Each structure stands twice: as C-alpha cells, then as structure tokens.
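One structure is given here, and the rest of the page talks about it.
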C-alpha cells in the first residue's frame, strides 16, 4: 500500500466517527435535552409563541428530519444563526477562533520548547538530585488549579506590580500583544508541568533501549547520544502528541478568556452557556470534533512518515 | 502424502495415540485498500505424523518453521485450516466445546517461558488446584489436597512450596510447577513446547531427567518441540524435522542422527557446536536466511539454500519417500544423501 | 594486550549492595580468544560492560581493580578518553540483534557514525568504507542495503551489521556478549565462521561471552568459568574439557546432552543439584558449597573463600579440592 | 536480577511510601481529607456552615481561624463542606469511569472482533469531541447540580482507562499463562476473572488515583462556570467569589480554598507517582 491509498483508507475510517459524533450530539441536544424553545421563552410563554419559535428553529419536524438537518449542516458548514446575537455562527466562530489562536499559539510553542529542554536535562541527570527536584516542581505546577493561577497572577502581576494589563482586548496590531502577554504566561504555566513529566517518561523509555547501549559502545558522548539517538526516537511520540493538541488551540481556554475579557472562542462559548444559546454550543461541539478528527488523521500520516518501522 | 507405515521401535503392534493427517494451519494476510485476505501464510503446511503411546516424538526446526503453531493447533488453541487430528480414535478437529473441554484432560502442554506461563498473582496451591476444580477431579478439598501432594512428589518439590508465589521460585522450579499443573488432569499426551530452552544448562538437565522419569513412571507420551538437537537426541525415540511449515524428514532418532538423508537435516546437525575441542568436524555452512513464509520459494522450499539443488528442485516439491535401507525413515528430497554412498 | 586485575563491580539493589563481579583477573593475549562461560546471573555480561565502562551510572560502579589495555589503565581514564577507546580500540557486540540497532537510522548511517567519530572521515569516504564493511561481513548487494532500516533485515543480517559497526575502526579487542544466542543454529554457524575469519584477517583478540560450552569448545583458545560473580576456573580449552578441576565445571560439561550413537535410552543426564543462589544469599566460603557433591568442612567458610590457584599447568581453579590436581604434568 | 519480583508488590508499595517523607505526607493528606469528608457528610463537622457567626469579611483570627466570608459565615466550615464535595466528586467519578472503562476495555480486548470494533468506535467518537465541550454540553443538558457533574465527568473520563485496559488485555491474552489456562480447559469467565483481572489491577489502581485528582480539578472549574453544585459551598464557588474580593485585600477565602485544593491534588499526584513506580514493571527494569 502506498501513502495515497493509506490516506484514502484513513479518510474512509473517519466517516463512521463523524456519523458517531453527529449521532451523539443529536442524542444529547435533541432527545435528552428537552425543548429548547421552552427553555428560551420561559414557563409562562403562550402556546402560539412556542409553536412559532419551534417552527423557526425547525423543531416541529420529525426527529429523523432533524437528524438529517444536523448531518446536512456538517457538510455545508451552515449552522444557522445564534439565538442570542442573531449573527451567523460561522462568521463569529472564524473571528473569535482566530483571536483564541493568536492567544494560545505562541505560549504553546514556547511551552513545547521549554518542556522538551527541561525534560532532556531531567533525563540527562536521571535519578540525581536535579532530576528529582524537577519532577517535584512539575508535580507541584500540575497540582495548582487553573483558577488559582489566573487569580493569583492577575492580582499580583497586573494589579500589584502593574506590569501587564488587567483585562481587556484591542483588535489592532500591535496593540493586542500587550493584552495577551499575561494570559499567555498563565497558559505556559498550566501545561508545562504535565508536559515535562510526559516527555521525561518518553525520553527515559528510549534511554533504556538496547540501541542506546550500542550507541554508547561506539564511543559517542552522552550528549550526542541524547541529542541524536534518543531525541530522534522520542520525537516520534512527542510530535504526534503535539499535533493532536493543535485543534484545542483554536478553542482557547474558556476560563482565561473569560477572566481577561478576550473575545475569543472560549469566551464566546461561556456567553453561549450563560444565555442558553443551543445552536452555538452545538455548532462549536460539532466543528471542534471534526477538526479534531482531521488532525488525528494528520497525526497518523505524519507518524507513518516519521517512523520508518511503520508498514502501510 | 498419505500415511506411511513406519513402525515404532517401542510399540510395534499398538495403534498410534495421536495421528495427524495432512494438517495445515494458515493465517490470513490482509492487504490492499480494503484489507481483504489476499494471501494465506501457511505456518503448518500439510503435515502428517503419528505418535505411539509411551513414545517421545521430537519435533525440531529453526524459529519460524511452524513447530510452535503445530503444538498449539494440537491442543486446539489455534484452529487448523485443513486436515485431521485423530487422538485415541477420535477426530478432535470436529469436536464441540464440551468434548474439547474433556479433551483438555488428555492432552496437556508445557510452555517455554517459565516466567510467563504461571500467573504471578496465584500461589502454587491455587495454580495446581485450578485444573482439578475445572475438571471436577476429587470430591472435596481434602482429596484435592492429597492429589496436589502427589503432584508435588512427582515433580520433586517440597510441600512448603504450596503457599508460595511463582516469583519466589527459580526458573527450573517454575518449570516443575508447570509440569505439575499439566500432570494434574492425568493427561496421556504432553506437548513440551521448547520447555527447557529458557533454562540454564545445569537446570535443563534436571528438568530433562524429570520428564524422562515421569514418562517411565506414568507411561506418558511426549511431543517434544525444540530447536536444540542435542536435547532432542537425548530424549526422543523418533524425530521429525520441520522446515517452513513442512516436515522434511522423519525417522528413528539414531538412524536419523547418524544417516540424515535430507540436506537440511545434515546441515542442522553439522551446525551444532559440540563441547569437545578435540573433535573438529567439517561444517556445512548454509547460504543466506530462511525465506519468508509469505513468499515461499517454488518447488522444494529448501532449494535456494541447498548445495545439491538442481533444476528439478526449483519446480517440483519432492514427495515423501521411504529410505530403502531404513524403512522407518522417510524424507522429502529429490537428491537424498544416501545416493552419495 | 588486555589484562584485568582484581576487578570488583557492585550494584545497588533493594536488598542492598551486591558484587556482580567479585575480584576477577584474567589476561587476554594478542590475537587469542578468551571464552567467558557461566549461567545467567553469573556476572559475565557485567564483566564485559565493566571493561567497556558502560555500567549504568545510577545503580552500579567499578569498586576496585585495574583494567590494563596496551599498558594503559583504563579504569583511571577520563570519560572522554574512554570514549576514544570505545568502538575504536575496544568494540562490543550484543546479544539482541533485533533491538541493538537504532530503528530510525539507516544501517549505513549507523556504520558511518563510528567512522566519522573515530577516523574523522568525510561523509563520502565514510559511505564508501561502510559499503566495504558490509561486504566484509558478507551482506549481499551492500550498496542497496546501506539505505535500509534495521527492520528490513533478518536477525542474522542485523548481527552482521552489528559486527560491521564494531569492526569499523579495526579494534584490537572485540567483546562479543552472547552474539549468537538469539539466532538459529544454522545462522549461528554462519556468524561464528564469519567472526573466526575476521579475527584472522584483522588480528584482533576476542572475548566471547556465552553460556554455550559448545560454542566455547569450537571458538576459544582459553576459557574462564564464572559462578556467582567469581571466576572459578581458568584454563586452555583442551585442558578444561579433558580434565576439569572445579566440580562446577565438571557438572556443567556433563549436563550437556552429547551425541552418543551407542547410548541406550535408559541413560540419565548427570546434573548439578539445586540452583544458582541469588546474589544476596551467596554463602560465605565457597559459593558452590551447597550444590557440590565433594563439599567438605573447609568449603563452608572457615578457611575463607577458595582462591583461584594453580591446580595444574596453566590451569587455575578456585577450589580447595580440585578434581585432577597436578598429577598430569608428564 | 533473576527474579523479577522478590517481595509482594503491596509490601514494596508500603515501603516506598513509608521510606519517603513526601509520600507519608501525601498519604496522610489523603486520609485526613477522607475523614473530613466523611464527618462533613454525616453532619458531625461544619453542620452550621450557612449560619453567619461574625461580621462580614472578618480576617483570620484565633476565634475564626480562616476568617469569614461576605455574609459572615465561617470560611473554615465552607472549606470543610468543600472537601466533602471534592472528595465525593473524586470518588464517584473515579468509580463510575473505572467501572465503565474496565468493563468495556476488558470485553473489547478479550473478545475482539465486532465487540472490539464497537467499543473502539465509541471511544474514538467520544475522544473526538473536545473534553470540555462534551462536559459543558452534558452538564448543560443534565441541569445544574452535583449529580450532573458526577455523571458528566464519569461519562467523559472512562475513555482513557478503557483504551489502556484494552491494550493491556490484548497484550496479556496471548501470554503463556492465559494460554496455559486455556489448555487446562478454563472457561472465558475463569480466564477473565481469576487470571486476567488480577494481572491488570495495578493499572486500575493507578488510574483511580489519577482520575480522582482530575475530577477534583474539573469540578472546581465547572462550579466556577456556575454549572456545579448549588446551595452548598465548593472550592470552585469560593474561588469564584474571591475574584472581586482579592483586589479589595480580602485574601483569606481565596488563599485557603486554593491551598486546600492544591494539597489534595498534590497528594494524589504524588501517590499515583509512587504507585506507578511500584507497580509498573516497565519502570522497574531500570
């Protein structure tokens, strides 16, 4: 099998997954979820009002037709309008998704680089004091709640020291940079602990392999063993892990955006929750799932390219 | 190929305990866009042999020749794709589940790795009691306990061993526990799948002696699967040599080891390093590796590595032929070594 | 060429510190082959790793002893000095050909690495040399194979590649740690034959570590038998098989099934009772005492550990009661 | 070297715990928290948390160790109530997701074929939906409240353990000890229950500790979003309230809630680390 057939096969495999996602979401929202018209209008609405709203939302159709509508929306990317803002959902998503991405991508890259370097240092000094300290620090970093990070950093760095903007956002370049600095730092702190631990485990796994012993027996120095032999092998799981995280960058962090009043996708979602904006939540869920599936596909393809052992 | 009439030196008149006729075990290879089964990998390919009661048949071959698959097919861990396995007059390939469970009492297996074949979370008592419980041997706890004591006696382990866990034993002792577990159901046929290969030399000798003692004491029949020709020569009455899923030569141990007919058998025998520095022998060095069983050579499977191969070998798989001088032996070769003499 | 003196290597375990290699000494003359035999856990691999100074730093260390190579004590060498030795003057091949090559680099790349490191060749030169090396170890069409990844090759082929890597810089000493254990007999014969020929060609010394006395008998000039971290017998190959001095060696040799065309089926193998004691339960005195049929009071520790002493000409044994003491000097 | 396990695992685990001060600390935190949670649940402790005992926002003093909140209620009592919420969330969510994950994982791994295909399809579908969106939709639909949190967290968190267990079962089912059990005629049930399950216990235990702390963290987040427990304090709502208080210099509700959560999550992280070191044979080889 060549790469093309492999990709085609993997694409076919995504079809049942996408149908599964649609079904699950349909099940949650249209069957378990109760009547959104009632939720929206409240208990005292008149029957006529409810009926007209139901018609407007397409809820008076049979469940099967509603399901078809949902599937249709997946392929046409038409999720209708938000109940709350009355704007086209896709347009709003594009805008806020981009903001989220600019907020989370730079910290993502920095945190990757930092955690890989720290994990290498930790693996190099494995079992020694420095390694143990680094592991302990990363566990401590992992154990602090995201809420505490946000409040503490906001209060200390922005309020007390006045180094950063407390909250807010400005769309123009380069003005927005000053607003995303502090949230960016928080994002780094959030992910770095678990990343260091994960990468350290991966690196140690490789260090214990037989071929590393061979490399040492050749007379390579420990540093070049680590950088050439260990790193290239470890990069396979690390890179695939990183790519699967990419779609979440568009989603942003609900809490951080909410706290810092950054009009990203996360904030958009929180608003949707607070206003019971069904179509928005549904659209975001479906879209993010599809993006995730596609990135998963990409991960698999990159994996086959990176790892010469994989037979297609 | 048919059944060839080879008379065992041990039981000249009795009926074979196990008779395998044209047995094949194949694994599907999925390929292409739709992952359809386009080819089959024949791990065991049209194999026939028999074992008489009380006899030891040694099955030798290199890794990947299908000897382990054959052993596992015989105890129904793998389903054969063709052929018959007749045990005690009954074809076991057509049995239903209840009959198969009964069959477990008659055929037992001892695996290679003494560290992997015992459940690490069970103590020896539980391990040995389990087969008794499954097959409802012994009415109550007490009679089962008596039976377990007998089993420990058989494999020469002390009673204190009962309440220990496998990790507290060495490799040789673990293999004894495995043997005791297999003996619990009073089997007639024991399949020893590389049972001594993972053990150190000094321990290996202990286990081989134990197996031979048990055979004498309990009248067991062994199928002894091994890659170690020295061990097989010691323990087996008859030997079958496998290459790429097929039996290429079979015969009584002595005549086969002294007068191998198939070039592969001869090469195998000559490749064994002997612990005797005085004896310098002419080694036959085979060219290249064993071919992949997915892409089998045409004709005789051995011809790409054989120094006697001719054009005939490239086109036709030789049929099983009996040795004229030695009617107990048979081989599949167009150019048997006898012709040289 | 190489002489090891009073080497002790210890490991930290949960049960405390153990001596995986306990005060061993041997010499390896130029161009000869020394076999180190022993059962699993007898410390033979640790000996090899000690000579290479590849003992895992976090758990083990060389406690004492000298390893003198060409007049230079390599236990006192700096780490970078030692790196100049490894793969250059002293090379090693390992038991597991399937996992000993790095799966994400091509075979060629892994051979060139050594050449570039030790001989400062350019990439082109190294590539040319790598093809020559593959040819030397008997790999067909080496120009193509050089671009293959290890998983494309069979076990025997990978072991040949390992040999090519080890011999790339024409080392003085090759340490082969169970090089054929994972291979089939016919492939084992090929590899041993190859090593033998290459040894003649390159005039190198080989330390062959194995548990198979058959391999030793056919391949080595001298043998050292290890038991519980100690060398308990050391002799030229003919002598040790003809007249073993230590009861353990005798037991080992006897417990191998041998071809006896005339043997009857009633025969039993002679065995050594019991098992190798775990390191933290080694008895004081002779470590073999509990399994030895000749053991006497003296073996139980009152007279200390039996030293490795000359029992016959060029034949050393660590036993108070050697089996064939000095009677055959005629 | 020769014998991979010399002492039973639980003994090694206990020794690993008791020989390290950090681990003793972690274990005692977990035990104390369990105790506090039990006392709070049975009404022994913090029964009167909603009664105001002092002025609004009294700083910590000897009388009120952790100070009071805006309505003059004791922050300590609220913390204790919060411990109950956190521990019960951790416990129920971990139990629920372990049950679902282990049952599906074992079935899929052991029987393979169509069962496997279905389970794999189910979990790939669920992993495709970003966790946070699934959680939000579920709590959104199930209504607010603590039970909704148990269920939605439990339903989303079984996926990881299911995948792990499935992989492990596939690895184990072709091991020789399972083949040996087949050879003596053991039934599927016997092989699963007596042979397979005891050999994958350690994974389940490690996962339990991991899910426990993730669940606590998630509960705090959902509570902050207003989706969590109603009419009872939780650490999440306490931190939420602290949002505006911190700037006014009222540091104590925030600090104590953060500290409480940090300690418990840290304790579970440390414990699961020790568990992994003890039980995971892959790391033991080093």
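Should a chain be cited, it is by its letter among A, B, C and D, assigned in written order, with residues numbered from 1 in that chain.
Here is the rule we use: contacts are C-beta pairs under 8 Å (C-beta built on N, C-alpha and C of every residue); 3 or more make two chains touch, one makes a residue touch a chain.
Only a predicted model underlies this, so the values are computations on that prediction, with no experimental measurement involved.
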Labels of chains that are neighbours to subunit C and to subunit D: A, B
Pair with more cross-chain C-beta pairs in contact, given A-C and A-D: A-D
Distance between chain centroids, defined by C-alpha means - subunit A, subunit C (Å): 53
Separation of subunit A from subunit B, taking each centre as the mean of its C-alpha atoms, in whole Å: 55
Centroid distance [mean C-alpha coordinates] between subunit D and subunit A, Å: 22
Averaged-CA centre spacing for the pair subunit C and subunit B, given as whole angstrom: 32
Shared-contact residues (touching 2 or more other chains) in subunit B: 170-171
Touching two or more other chains - residue numbers and ranges from subunit D: 2-3, 6, 286
Interface hub residues of subunit A, defined as touching at least two other chains: none
Touching residues (chain side subunit C, partner subunit A) in the complex: 52, 54, 58, 80, 83-88, 91-92, 94, 96, 99-105, 113-114, 117-118, 149, 151, 162, 165-166
Contacting residues of subunit B [partner subunit D, same complex]: 72, 75, 77, 100-101, 104-105, 108-109, 111-113, 115-122, 130-131, 134-135, 165, 167-168, 170-171, 178, 181-182, 184-185
Of subunit A, residues touching subunit D in the complex: 16-17, 20-21, 24-25, 28-29, 32-34, 135-136, 139-140, 142-148, 151-152, 155, 159, 204-205, 208, 247-248, 251, 254-255, 259, 269-270, 273-274, 281, 284-285, 288-290, 292-293, 296
Touch list for subunit D against partner subunit A, complex: 22, 121-122, 124-130, 132-134, 136-138, 140-142, 213, 217, 220-221, 224-227, 235-236, 239-240, 242-243, 246-247, 254, 258, 261-262, 265-266, 269-270, 273, 282-283, 285-286
Interfacial residue positions of subunit D with respect to subunit B in the complex: 2-6, 8, 175-177, 179-187, 190, 194-195, 198-199, 201
